[in-house]
Each structure stands twice: as structure tokens, then as C-alpha cells.
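The two complexes that follow have chain A in common; it is paired with chain B in the first and with chain C in the second.
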Partner chain A sequence: MPARNAKQWDKIPGKIESGEYVDSRIYSDRNIFEEEISKIFKKVWTPVCHESELSEPYSFRTMTVAREPVMVVRGADNQIRAFLNVCPHRGNMIENRPSGSFEQGSPSGAPKHMTCMFHAWQFDMKGNCVHISRGSEGYQDRLACSDVGLRRLRCEVKYGGFVWVTLNDAIDQTVEEWAGGAFDCMEKSLNSEPLEVFHYHKAIIPCNYKLWHDTNSEFYHDYLHYHNRITGFNDSYFARKNIGFDNGHVNVGSFEVQYDQYEGFESREELSFPHLPNNHWEMIDFFPGVNFNLRGSALRCDIMTPLGPDKVMIEFRGLGLKSDTPEERLIRQRHHNSIWGPFGRNLHEDLLAVTTQQATMSEFADKRRILHGRHELDADGDPTIHDEEGMRHFYDAWGRWMDRWPGDPELSFEEGQKREAA
Partner chain B sequence: MSDSKNPDWSCVCTLADLPDQGLAQFEVAGLTVLAARVEDDVRVIPPFCPHMAEPLVESGLCHGLTLTCSKHLWQWNLKSGDIQGPAEKPLKFYPSEIRDGSVWIDASSQLAYDFDEDEDDDFEW
Partner chain C sequence: MSESMNKQVAISNVIYKASLFLDEHRWDDWLNLCHEDFYYAIKAFSPEINYDMIYMDGNREDMRSITDMLPKHNSDNSPLARHTVVYTVEMDESQDTATAVSSFAVYKTELDGINSHALAGESNIFLVGKYRDKFGFENGEPRFIERVVQLDTRRLDKGSHFPI
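Entry: the complex of A and B
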């Protein structure tokens, strides 16, 4: 096949159909990015941290969700609540630390309260305003503590203790309803006993968040990972299914990894997650930007926070059981870090791929088609993990939320569907 | 040290242990208390500001008979316990006596302030 000139390059290649590619502008256009923030990220449930990160009453964790500063706190009643991390007075961020405890006072605030350092307005763990400095002198009877509580956010602790938050008060689904069965494959493992975060690192990656998610939702890219090919390519590998669930979530089915095929590695049957067969692997790609990866003895969870059309923050957490002995914890850390740590076998390779993708898709680059038209089915006609059904499934949900056709974002979703039917 | 005739009473400190001005913290009979000279007498109080449980050993400032919590500037008359300025709750005092240069209190029941949070069971989305 010869190289193509500009006109040939613009044509749809082969017999690829309209639902089998996206327009590269969905990865680079600033307006589309802003629309994703308002139409998707401000509307859905997302995990923001794990409950073990705020293990004691009065401990807290801060983060941003769709650019809004959010604070998650554990009350004296052990209940976890989420609030906008914004003072109702002059809009200051109330808590600047990434994590800590309100048990002790601060220079401006009393113990067991959140305090805005600017004018020392104070709030309890339920978001009640309990102190306005010289309140009655300044506001007389025009404004009282009861008028200026924090903005509370819907919050659930679900699926192995992850803390889920949404900015959308009007959401009509619980986290379980939103998951649509995507957690069935690992729920028993996650819920059998309390989990604990043992690894955390984050990175700001120069790529669109969807490029990272695309990568996680097909395993055709194991051609990128020498380690995965050596340990994984066997009959059961190709029998893994790629299963779509409502709301854009995807599940990659389990199989047995042969770690001992890789030089320097050994079988990992010494320790596994409860209810997970030895050396097995399950994965969930959760819409729109979370990945749960249960591999042998360690659970990994990646949470993406989009920062711009070509910038995403990814937080990587590794989890084991809270009841781990020191020896068990060391095994989990070794298993986790040797694959997924900053110096592991896979992570840097994935990051290299997505950043070089983005390098061809600058904000002002010509639009082009990004293909996801692989249909690689098993004997039963179900998509296997080298099928790109995961991406098609994601972009079907994405297009509906955005009311844009992923293959041509200038069309509405309905117009795109009509064109596809024609 | 407790009183052999009345075991409810315990010795907190000697007068010499107290500064001329300000609060000093002591542990007595399982309690943490603050003591201060007030003219020719003493006052012994719980260790927290009645407002929001601020430790007064850190944030309590004494000027004459006025005690001020530097966090939110609640003030009291340290002799009477009455509120001054923006304070909304009076101070509580342990019953106290000076005996032979030592400060004694009735430590039989712990004094505390009510810091309970409001319930939010009826929160409406």
C-alpha cells in the first residue's frame, strides 16, 4: 500500500464506518473540553479518594471535581460528608492542605472545626456555620450562622470504601445504579473486608484524559508492553471478553497471568485478593475517567482529573487489606510497584504512548480520524480484549452526554446517528 | 493530694505555683484544670473556652480581672465568671478554697461545656 496524498489521507480508509472512528478535535478543542466539564464531569458520580485516607474522626482530604474545590471530612459520628471547599463569606478556599485533621485547632480556628483563615468563620463537620466573627455587630439581624452553612455535596462510600462525590444535587441515580453492574466482577473481592491505600502518586500528563481512558479500554496495545506479551499471551488471554455496561462503563474479563514466564518475575500465587483466583486479573474502565484494576494481590485505582484539553492529572492508588500483616503488605507493594509503580513495567510505556498521541493533536493541528474499528470476536461472537468495543461503548455514552457525534463533533448525536444509518 | 476528711476535695497547687497574671494548667484527680489568681483569691476553671473548646492555656489572655480568649475574643470577668463583650456563655468555676497557701478544689464532678453539633438527619437535597 503506497503512502497517501492529502486528498487520499482525508478519505475514510477501507470500509471503516462512521461509528468506528472519532475526530481528533475531541482530544484538542478547548470548547469541547469546556463542554465536557459542564455537561459530563459536573453531572456524574466520581470517586475522589478512599475512606482509609481519612480514617479518624475529624480527618479530611481535599481535591477538585470539575474544577470545583471539594473537601471530604469524617465527622465525630464517623460519617463521611463532602462539601464545596469554599467559604460562604468571601469565597476563600477554606482548607488548603491536601489532607490532615481538624482535631487540633489552627492559628485562627478552634479544635474540631473547619476555619476559614481569612476572617475566622468556622464550620462543624456537618457543614453548619457555627461562628461568624463579630457577627451580630456587623450583620445585626440581617445574616446569621444559620444562613451561611457550607455547600454540601452528595457523597456515598461504595465499592471497597471509595468515597464517591457528585456536584449534581439533582442526580437521579445512586452510585450503584450509575455503575450499572460494572462492579459485579470484583465487588465480592472489594467488599469482603476493609481496604487500605498503601501507594499514592500523581502525575500531570500532557494528554487529553480520553486518550488515557482509550488505552485502558483495549488490550490490543499489549504490543506496547513486552512484559504483558511474555506473561500474558496464551489461550486464556485471547478468551478474555470486553463487556460494556450501561452509562459507558467497560469490563475486561479475568484470565490467569503467567508471571513466571518473564525473566526476574515469579508466580504471584503467594498472595491474592479475597475471592480472586491466584494470578488473576480483572479490570473496570469506569465512565468518564476512572480505572479499577485488580491484579493478584493488589488493587490499583486511577482517578483522572482533566485540567485542559491536553492536560490531565492522574492519581494512582494502590490498595491492600487493612488487616495485612507487615509481610503481606510488602508482598502487595512489590506486586503493585513492579508493574504499576513509577518505575514499574507498564505505566511509563502507557504514558509514553498517550503523550506521543497528543503530540500529533495540538489545539491547532488539522483534524484527522482516530480509528477504533476493530471487531475481534470469540467463538460465541462476543468481543474479546483485542476488540475496540470498549472505546466504541465509551464514545456512544460520551456522544449522548455531549450531544455531539464523536466522529464529527459539529454534528449533534442524532444527526450523526442518522448519517451512520444512511 | 486529697482531703482526708472530705475525699471530694483535692489540692491543685500552691499559690507560689501561680503567676501574678494569667492561667496555669494542672492535672488533679484525673481532671485537667486552669487556675488563676484573682485579687486575694483564686479561680479554677475547665481547660476549654466555652465557645468552641479552644485550649485556654494557649489562647486565654488575662488583663486585670478580664479573661479573653484570643480566638474569637470572647471575654469574661474572671472573678464573677460573667460574660463581657461578645461572649455568649459564662465561665464555670470549680468550688475552690485557699488553705495554708495551697489551692484546693472540689473535684468530685467534672465541669464541661456543651459542644454538641446539630444533627443533620433531615438534610434536604
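Entry: the complex of A and C
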């Protein structure tokens, strides 16, 4: 078949159906992006860090969720709480450092308090305001400490010690209910004993966050990776399934990776995670932009913070067991880094691919259809790992949250469904 | 010039030579500057997680394996240029081994990594940090026993397949 002219190029190819592609504008349109922030990211639970990053009372971590500055602190009672990192006085950011401890005083404030450096208003670890500088002189009886305080956020520590936060006070689900069973595949491994983060780096990539989630959700792109081609592609590799859960989450089933097929890689049977068979691999694509990847001896977690329609920050964490000996930790680090590290074999290739993908989808560029219409079944009629059910499941949830049809975002979700049925 | 001074100069030269070989993807030439017990690591301290991290490490054979397999991987082929300045070279008392600290900045000149039409030719700083090297001598020539690339940069974006 020859290359296409404009009219042919614009036509739906072959017998691909309406729910088997998305419109490229969902990756580039600024209005759609803003809607995603308000309709999805401000509403859902998201992990923001791991409890091992707040190992001692008075330790803290800062981050942003849906553009809102957030601070997570461990109180004197060892409980982890989350607040907006915003002073109720003049809106200043209370803590600028990425992490640290409030145990020592700051130039503007007392030890064991969160202090806004601007006017030295102070807050305890529960977010209560405990000091307003020259309060009665300036506010008389019109405003007291009891009238102000930090904006608390709902916060849970769940699934191996990840700290989950939502900006949505009215959310009617716990983290467990929001997960909808997606963690069943690795919950036993994560909760067996305390975990610890040993790897952190971040990437700001010129691509829409969904492109990274897509890449984590589809395994057809194994052709991108020499490492995957050489260590996988056996019967058990194809026998894995994408399993959809409520709320758009997807679990990718396990298989045994043949690491010794890759030159320079030894078998990884020497160390695994509790309750994970050696060399096995379980993965969760968590809606809307988180990935948990338990492979051999290391757990990887990607947390995406969308920064714009064509810009996403991805924080990469690697975790092992808190009880690791130095030798075990080194093995986990090597296993993690060789594939997933910033100088590893696979991560660079994945990030390269989504970058060049977004390069064809700049804002106001002609819309295109981005296909996810593979239905690849095994001899028993079950979908194989190259079936793109995972992405279809994500976009079904995305369309419902956004009330937009992913294949034509100018249609409501219901209109899109009707068109699909027709 | 004293023998010690001669060796210090030779060590500085081999650090600069290594930067050129790495810039030019002359991996075998780079590894030929390294002792057979060579250890290589890229490390960074993360204030986010308060942890000394290893981003990559391996011995000479690991590094050879990685560089030999580069053609089989999809990579951003944008050239990296290492601007290296040797700060200190310190000989041990026996004069048989030495340590050196160099500062480096790695510039990336875009070629094919994003959108070559618009961006090819643009140079940006990719990484900054220190080389912390250990040397021994073979036939009077300095050989890397260890190179620890201590990164200050932790926002690593697409990362790289290439040794730094």
C-alpha cells in the first residue's frame, strides 16, 4: 500500500474502532490539561513519598500536588501528617527545602515547630498555630492562634509505607478502596517488613504525563529494548495478562525474566523480595500517573507530577528492605540501576521514546490518532501481554473522569459511547 | 622535575586523555587507561531521601560489556563534551599509587534526542560534579584503579547510556 495523501491519512485506518485510539490533542491541549488538574489530580489519592524519607520525629518532606505546595511531617507521636505548605498569614511557603528536620530551630523560629520565616508565625507538628508574632498588638481580639492553622490534608501510609495524600477533603474512599484490589498482586511483598528508599532521581521530560503512563502500560514496546528482547519473549512472557481494576488501575502479571541471557548480567536468583519468586516481575499502573514495579530484588516507583500539557516531572525511587545488610543493599542497587537507573539500559530508551513521541504532538499541531487497538490472544483465546487492554482500561477511566471521549475529546463521554455503539 | 612531579603531571594528562576518549566514544582506548582491577561508579547524595546513592557501578569487564552493547541499544546520540579541570593530585608515600580530584561539567549538544529540526546544535549543561580517581602505575604509566563520578546534578532527565 502506498503512502497516504492527506485525506487518506486522516481516515480511520483499517477496521480500527472508536475505543481503540485516542486523539493526540489529549496529549497537547492546554485546556484539557487544566481540566485534568482540576477534575482528576485535585480529586484523587496519590503517593507523594515514602515513610523512610521521614525516618525521625520532626522530619519533613516537601512536594507539589496538582500545583499545590504540600508538606509531609512526622510528628513527635511518630504519626505522619500532610499539610498545604502555605502560611495562613501572607501565603508564604513555610518550608523551602526538599527535606530536613524541624527538631532544630530556624533563624525565625523555635525548635520543634514549623515556622514561616517571613513573619515568624509558628505551628506545631499537628498544624496548630502556636505563635503569632506581636499577635495581640496587631490583631487585638480580632484574630488569635485558634483562628488560624495550617490546611491539613487527608493522608494515609499504605502499601509498603508509601505516604498517600489527597487535596480532596470530600473523597469518599480510603486509599485501599481507591486501589480497588490493584495491589493484591504485591501487597504481601510490600507489607512483609519495612522498606527503605535507596534511589531517587528525577526527570523533567517534554512529554504529556499520559505518554509515560502509556509506556508503562504497554509491553508491545519491548521492541524498543534490547534487554527485554533478549531476556524475555518466551511462552511465559506472552502468557502474562493486563488485569484491569476499578478506577483505571491495571496490574501486569508476573513472569520469570531470563537475566542470564543478557551479556554481562548474572542470574538474579541470589536475592528477591519477600513472597516474590526469584527473577519474577509484578507491575501496577496506578491511575492517573503512578507506577509500581517489583522486579527481582528491587521495587521501583515512578510518581508523575504533570507540569504542563507537554511537560512532566517523574520522580524515580528504588526501594529495598530496611533490614538489608550492606551486601544485600548493594545487590539491590545494582539490579535496580542496571535496568532502571538514569545510566541503566531501559530507562533511557523509554524516556527517549516518549520525548520523540511528544515531539510530533505539539500544541495546535494537526490532530492524529494514537492507536491502542491490539487484541493479541493466545491459543486459548486469552489476551497476551502484547494486547493493549491496559491502555484501553486507563482511557475508559480517564474519559469518565473528564467527561470527554478520548478518541474525540470534543465529544462527551456519553456521546462517544453512543458513536461507538453505532 | 622530581619523579613525584613527573608522575603528577602524567596523572593529569591521563585524566584529560580519558575525557577526550570518552567524548569521542573511544571506549577501548578509555578502558586501556584502566587497570584490570578497575572499579567505576556514578554516585550522588540525595538530600531528598538523605542517602548516598549509587546510580551505576561495575568493574572493567562490566564497563566493557556495557560499551560493547551500545550499538544494540537505542540511545540519544547527542555528543557529550567533558570539560575537566584537575584540581589535586596526591601521591602516596610509596609513590606507587595516587589520588586525584577533578571538577567536570558535561555539555550536551543536541543531535537527535528530541526534535532535531529545532534543537540540533543547541548546547546545554547536562551534568556537573567531581571525578574522584585512584591511580596505580604500570611500566611507569598511570592507570585508573578507580573512578568515582560524584554527581551534583540529580535532575537527570533522559539520563544516558554512556559512561561519564
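Operating definition for what follows: the second predicted complex is superposed on the first by the 418 of 422 C-alpha atoms of A that agree within 3 Å, B and C clash if a C-alpha of one lies under 4 Å from a C-alpha of the other, contacts with A are read in each partner's own complex, and residues count from 1 in each chain.
Here, a contact is a pair of C-beta atoms (placed from the backbone, for glycine too) under 8 Å apart; a residue touches a chain by one contact, two chains touch by 3 or more.
Keep in mind that this is a model prediction, so the values were computed, not measured.
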item	value
Fit-or-clash call for chain B and chain C when the two complexes are aligned on chain A	fit
Contacts of A:I205 with chain B and chain C, given as first, second, both or neither	second
First, second, both or neither for A:D169, with chain B first and chain C second	first
Superposition-derived angle with apex at the Cα centre of chain A and sides reaching chain B and chain C, degrees in steps of 10	80
Which superposed partner A:N242 touches (first chain B, second chain C, both, neither)	neither
Which of chain B and chain C A:L351 touches, first, second, both or neither	second
Partner chain(s) touched by A:A110 [first = chain B, second = chain C, both, neither]	first
Touching partner for A:Q122 - first (chain B), second (chain C), both, neither	first
Partner chain(s) touched by A:N251 [first = chain B, second = chain C, both, neither]	neither
Residue contacts on chain A - larger count, chain B or chain C	C
First (chain B), second (chain C), both or neither touched by A:E137	first
Lowest inter-chain C-alpha distance for chain C and chain B in the superposed arrangement, angstrom	26
Of chain B, residues touching chain A in the complex	49, 51-55, 71-73, 86, 115, 117-120, 123, 125
Chain A-facing residues of chain C, complex	42, 44, 46-51, 53-57, 61-62, 65-66, 68-69, 72-76, 113-115, 154-164
Residue ranges of chain A touching chain C (in the complex, touch as defined)	50, 52-53, 55, 61, 97-99, 197-206, 224-227, 263-264, 317, 330, 333-334, 337-338, 341-345, 347-349, 351-353, 355-356, 359
Chain B-touching residues of chain A, taken from the complex the two chains share	75-76, 105, 108-113, 120, 122, 124-128, 130-131, 133-134, 136-137, 152, 154, 169
